[in-house]
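Per-chain residue numbering starts at 1, and chain names A, B, C, D, E, F and G are given in the order in which the chains are listed.
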Amino acid sequence: MPVLDFINLTYVSAAVTIIGSIGIIALPKPIDKVIMFSLLQGGFIGMIAAAKYLDVAMAAAIFDPISTIILLIGIIKLDEIRKKKQKQKSQEDGFLV
Amino acid sequence: MNLMADILLNVTIAFLVGSVLFGIQRKVMARIQLRPGPPIIQHLLHTMKFFIKETVFPKTAAMPFYVVITVILCAIWVAAVIVGPVTQGPLLLLFAIFAIHKIVEHNAGSSSGSPYGKLSCVRAVFSAAAELPLFAVLIIIFLQTGTMQLSTIVAYQAEHGALIFTLPLAAMMFIALIISKSYYYSPLNITLAKDIVSGFETEHFGMLRGFIMISEAITWYMLLWVFLTVFFGALSPLMYLIGMVILTALIGAVNALTPILNPNHSVMTEITLAFIGIVGSIIMMFYI
Amino acid sequence: METQIYLVYILSFVLGSIVGLVLSYKKYTEPFVRKNIDVAALVLAIIGWVLALNFALIPIIPDYISITVGVFLFAMVIGMRPGYGRYETVIGFLVAGIIWILRTVLS
Amino acid sequence: MKLGRLWNSLATPKRIPKVFSIILAVVLLAGFVVPLTYDVHQVYLKPAPQAQVNDQDPFAPYNRGGSPLEEPATYISQYPQFAQHQGMITSYLSPIAIGVSETTLYFGTSILASPGGVIDEILYFSRGFDTILESSIMLMASVIATWVALHFTMRRKEEED
Amino acid sequence: MDITTLGGQLLGIIPLGDIVLYVTTFNLFMFAAALVFTVLIAMSKTEKQVEAEFGTLNDREKKVGKDEFKVRRFLSIICGLATAGAMITGDLFNFTLFVTLIGIVNIGIVSAVKEVDVLDSAFQYGIIAMLATLPLFGGAALILAATGTLSMFEIVNIPSTAMMIFGSILLFIGVAGESGVAPFFATKAEMFRTAGSPFLVIIHLSSLLVIVRAIEVILLISKPF
Amino acid sequence: MFDVYVCFYTGVFLLIVGSIATVIGPGVKDPIIRSLNTEIPSVGISLILLTYNHTVALLTFIAATVIIMMILLRAIVRLEEMGADV
Amino acid sequence: MVVPVPDVVSPVVVSLYIPAIFTGLLVGLIGLMAIAYQKRDIHILILTDIVGYGMLVMVAAVGTDLAEALILPGLVVELAEILAISELLMSREMRKLDKTTETVELIPVPINLNMEILETAPVFFAIILVIYGAFLSGFTGGAVAGAGILFYVLSKVTRGVPQNIWEGLSATAGVIWCLWLIGFLIFFVAPDYWMLGLFLAAFGLFIEVAYKAGLIGVIGREEFKREKE
């Protein structure tokens, strides 16, 4: 059964990583990208686990949410700033009109 | 002979000959421009004169540096004389000395606080980028002869003939370097160009200027000496003298007949020359 | 040993130039180029150049002494104030050169 | 004059990184045609990837032999004559690390990275000077960043006052 | 080929584990020069730039503030020491790290100033310095892979292959970028327009000396003979 | 069970595709999307380090990536906030 | 215990060498080409990251312990330079804008996030990471613990750090670095005390790197409480 041979942790993790990366590239919105990024990280942690480095996998698992949160903070802040700017701009335009 | 005495002798010769050569250069330029020109001894007299003038320091100067830099300038070229005529040491060391010379030029300009000095300092950085590749002609010599010791290079030339015939492009590069270091109205010497008064020397007076002028004379002598030694091999002192006079006169003529380039153009001219020289020499080395 | 002698020659040249400069400033007060030839300078130049180039003609004196003296003398002429001493130098050099050629060709 | 204008444009700071990257890219392209010869006689060799994990070694992948404080580990270094206690750091295990190694098979990396282990030996001892430099680079970069931050980018209010 | 072919007499070595520093006449001269300049910089005050103002009879003075002076002097001294170290190190990777340290400190020396143009060129220079880490470390890694060693004493005895020459070319480009020589000089020259002469000189000093040293290193690796 | 080659070539794939995506991917005119895309090659690097069993370096790299990300995001946000055109 | 160090590099690493180097070159090439046509500075800054990744692959491909020890400097250098240069970029832009326009909003927007995770997670993560980092020691531990501290500092809602504390922290990091140097010297001056040297080196480096990374977190909080002066 050659097909079932491919269902082990290494191949599955590799597949997940690649799907995650394609997701990051293809999806345009930053928030979607962050979600796909979690997928990528999940595959990566699976890969480490397949190599049997449990401690590294644990560390990676801790850093995964941290980087997600940092990304989220950044994105939300940027969003806020952009909205504010747009508002200012439309106000100025309103004055002009 | 005692090493100390040898050093002293060679430094004195370098200083006197360098000064007189500057005089010759000015004379040649003057004659080309239909002027009488100053006496040949003028540069030497100027040097002497500065030593008996009062030394003043600008209020804006960066203090220990401003004074020490002139001494360092003197020291490195005395070191060059030791490496060159006295001990015939490694060429790479001369390269290092030239690099430090550029630094001293830079700092002599900036440490005074004068805007002209500052401009000269910025230009020194520019020109260092161009003059070091020119000085890299020494590397080509190394590639050709397989040695960095001056004494063995001389021996190599005694065996295989003068290097100027095998490496003409390298010689051209070195001549360009010498032109860019020549003192009066050189087309390539942007650090001392007359549009910034006296360049990095503008704010150095009295004793300090005297030191700078001594070093300049030694520098000129050493550049010509390196050129003659590296490209013509061992010469008798008389031949060295004649060669230097001829080279100086030639460069005087070049300076008198060429316009002064703007900094960018001067630097890029030198870089282009260096590029042609290095690539051309290497190609010639392998294929001819 | 050789370099020391060259130091002596150079020093003699420098001193000669200085002496020549000082004397010529005493002698000529106007800064113009004079077309006529100064006899004293001409004599100095000829003697100097001949001594410097043709030291072999006087075998009694050691050659470095004659060269030193010769260099000193022609340096006096070369070092004269701007505009003076040019023709003298050229003539002196030519005379000495002719003598040198004759000497080397004849011998 | 065309050449003069070209020369002038080469002296614009904004263009320099681009010029540099183009030159570097061209040289890197040459890397694809240069014959790459890998010398198998390296210093500080590693066992084959995953070999130690597959052997169920608790110190995988950093087991280099030796026993703590008694027997030095073995590895090939460049100048063994300049290192008196070579291999001792590699074989050293802290008490906690010994405890961890007895309980689990999969914490080799953490055990190694706690004081002792071959990377520490390389980083602190045999190539310690490199580490001095790299931590100085770190220190200098943060000195620069903090200085700029403290004196400018974060004190905008004061400057306005 | 031998280390003494290029630098003259070998005066001694300083072993620090695998990293062996060596001193030849040539290295010693440059080492001493770097140290002399460093000491001078530690001692000197900065200059004041005084320029005439347009339209009035007043002068305009540009000075280095006290805080700025302190941090710049500190960085300059580090830069001088790093330059001195790069002159005598006998290990390839160590050399690249010294060069990188010089690069980052050079950026730091001008980062404290207020002129936008100077900051801009410092930024561009920083970008080059970051890009230059690829050829620097990559070149060193290639040479390590090709020879199995990083020590120059060993490398001079190994006949050079195409890969080593490629590595040394990469190394040279890295050094050229990191120290800003031709044709990458423009970023660097712009940085010198600010005040603070003793600190600026160390930028120039380090780059020139490192280039001279890099030439020695490259000749040692690629061995034309 | 663990296949070194699969890990390595996945890493290579992620690295190359990720860097291409960072350079010319969709929407990379926005700096934040570009810096998000750099996460893909960073995972690729991690996989390559894992292949060679450089686990200590891997651990450091994972931690350092977070810090680098943080620095970049800060710069992006600050510049956007200032309205700087860079 | 077995002595598992082979005489030559394993064939797997040798067979992977050329693909790895090519990958490194290719990634470097992609990054460099992008920089060559990129016009905006912040994008160039991001793209230099890619070039750095190329370098890491080239070093890692050697596949020995030495290569691994060389990756750490490369990594640290990248991190350090990106930190310094991004700061430089910001200060340049600020100075530029100060000169040209006056309507720029200079007071930063505060983080107004009502996220549950920002209340509870930071302490937990930070404690775990710092303890784990302390166990690891050295560069690795420093980076791990530093990331933990950074995260903690970053996600706290209160704003403003006294300048004194900042300067104190920086100074401590410097002093610790000197301790580390002493540790290094012990290895060569008094080789018999190598244990002491090891511990000085390991923990000196750990604390230094952790503090530095933590300070980056403080920078991220945008503002100082101005108690000094």
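By our rule, contacts are C-beta pairs under 8 Å (C-beta built on N, C-alpha and C of every residue); 3 or more make two chains touch, one makes a residue touch a chain.
None of the values given here were measured: they were computed from a predicted structure.
Q: Select the chain whose centre, defined as the mean of its C-alpha atoms, is least distant from the mean of all protein C-alpha atoms.
A: Closest chain centre to the overall C-alpha centroid: E.
Q: Please indicate which chain is farthest from chain D, where distance is taken between mean Cα coordinates of the chains.
A: That would be chain C.
Q: What is the chain whose Cα centroid lies farthest from the Cα centroid of chain E?
A: C
Q: Count the C-beta pairs in contact for F-G and for A-G, then report the pair with the higher count.
A: F-G
Q: Would you kindly tell me how far, in whole Å, the mean C-alpha position of chain C lies from that of chain A?
A: 90
Q: Taking the mean of the C-alpha atoms as each chain's centre, how many Å separate chain C from chain D?
A: 72
Q: Report, in whole Å, the distance between the mean C-alpha point of chain D and the mean C-alpha point of chain E.
A: Once rounded, the distance between the two centres reads 21 Å.
Q: Rounded to a whole Å, what is the gap between the Cα centroids of chain A and chain D?
A: Those two chain centres are 27 Å apart.
Q: For chain D, what residues touch not just one other chain but two or more?
A: 10-11, 17, 21, 24, 31, 36, 38, 40-43, 46, 49-50, 53, 61, 108-110, 113, 119, 125, 127-130, 133-134, 136-137, 140-141, 143-144, 148, 153 - these are the residues of chain D that touch more than one other chain.
Q: Please set out, as single numbers or ranges, the residues of chain F touching at least two other chains.
A: In chain F, the residues touching two or more other chains are 2, 4, 51-52, 55-56, 59, 63, 66, 70, 74, 76, 78, 81, 83.
Q: Could you say which residues in chain E touch two or more other chains, in rising order?
A: Each of 16-17, 93, 97, 100, 104, 107-108, 111, 120, 127, 131, 134, 144-145, 150, 183, 185, 189 in chain E touches at least two other chains.
Q: Spell out the residues on chain G that touch chain D in their complex, using ranges where they run on.
A: Its residues touching chain D are 1-14, 17-18, 21-22, 25, 28-29, 32-33, 35-37, 44, 62-66, 68-70, 72-73, 76-77, 79-81, 83-84, 87-88, 90-91, 94-95, 106-107, 132, 135-141, 163, 166-167, 170, 173-174, 177, 180-181, 183-184, 187, 191-192, 194-195, 197-199, 201-203, 205, 208-209, 212, 215-216, 219, 222-224, 226.
Q: Inside the complex, what are the residues of chain D that reach chain A?
A: Those in contact with chain A are residues 50, 53, 60-61, 104-110.
Q: Looking at the complex, which residues from chain G come into contact with chain E?
A: So the residues of chain G in touch with chain E come to 17, 21, 24, 28, 32, 35, 41, 44-45, 48, 51-52, 54-55, 58-59, 61-62, 66-67, 70, 73-74, 77-78, 80-82, 84-85, 87-89, 91-92, 95-96, 99, 187-188.
Q: Sort out for me which residues of chain A touch chain F in the complex.
A: Going through chain A, the ones touching chain F are 8-11, 14, 17-18, 21, 24-26, 28, 30, 33-34, 37, 40-41, 44, 47-48, 50-53, 56, 59-60, 63, 66-67, 70-71, 73-75, 77-78, 81-82, 85.
Q: Quick one: in the complex, what on chain G touches chain A?
A: 109, 111-113, 115, 117-118, 121, 125, 128-129, 132, 144, 147, 151, 154-155
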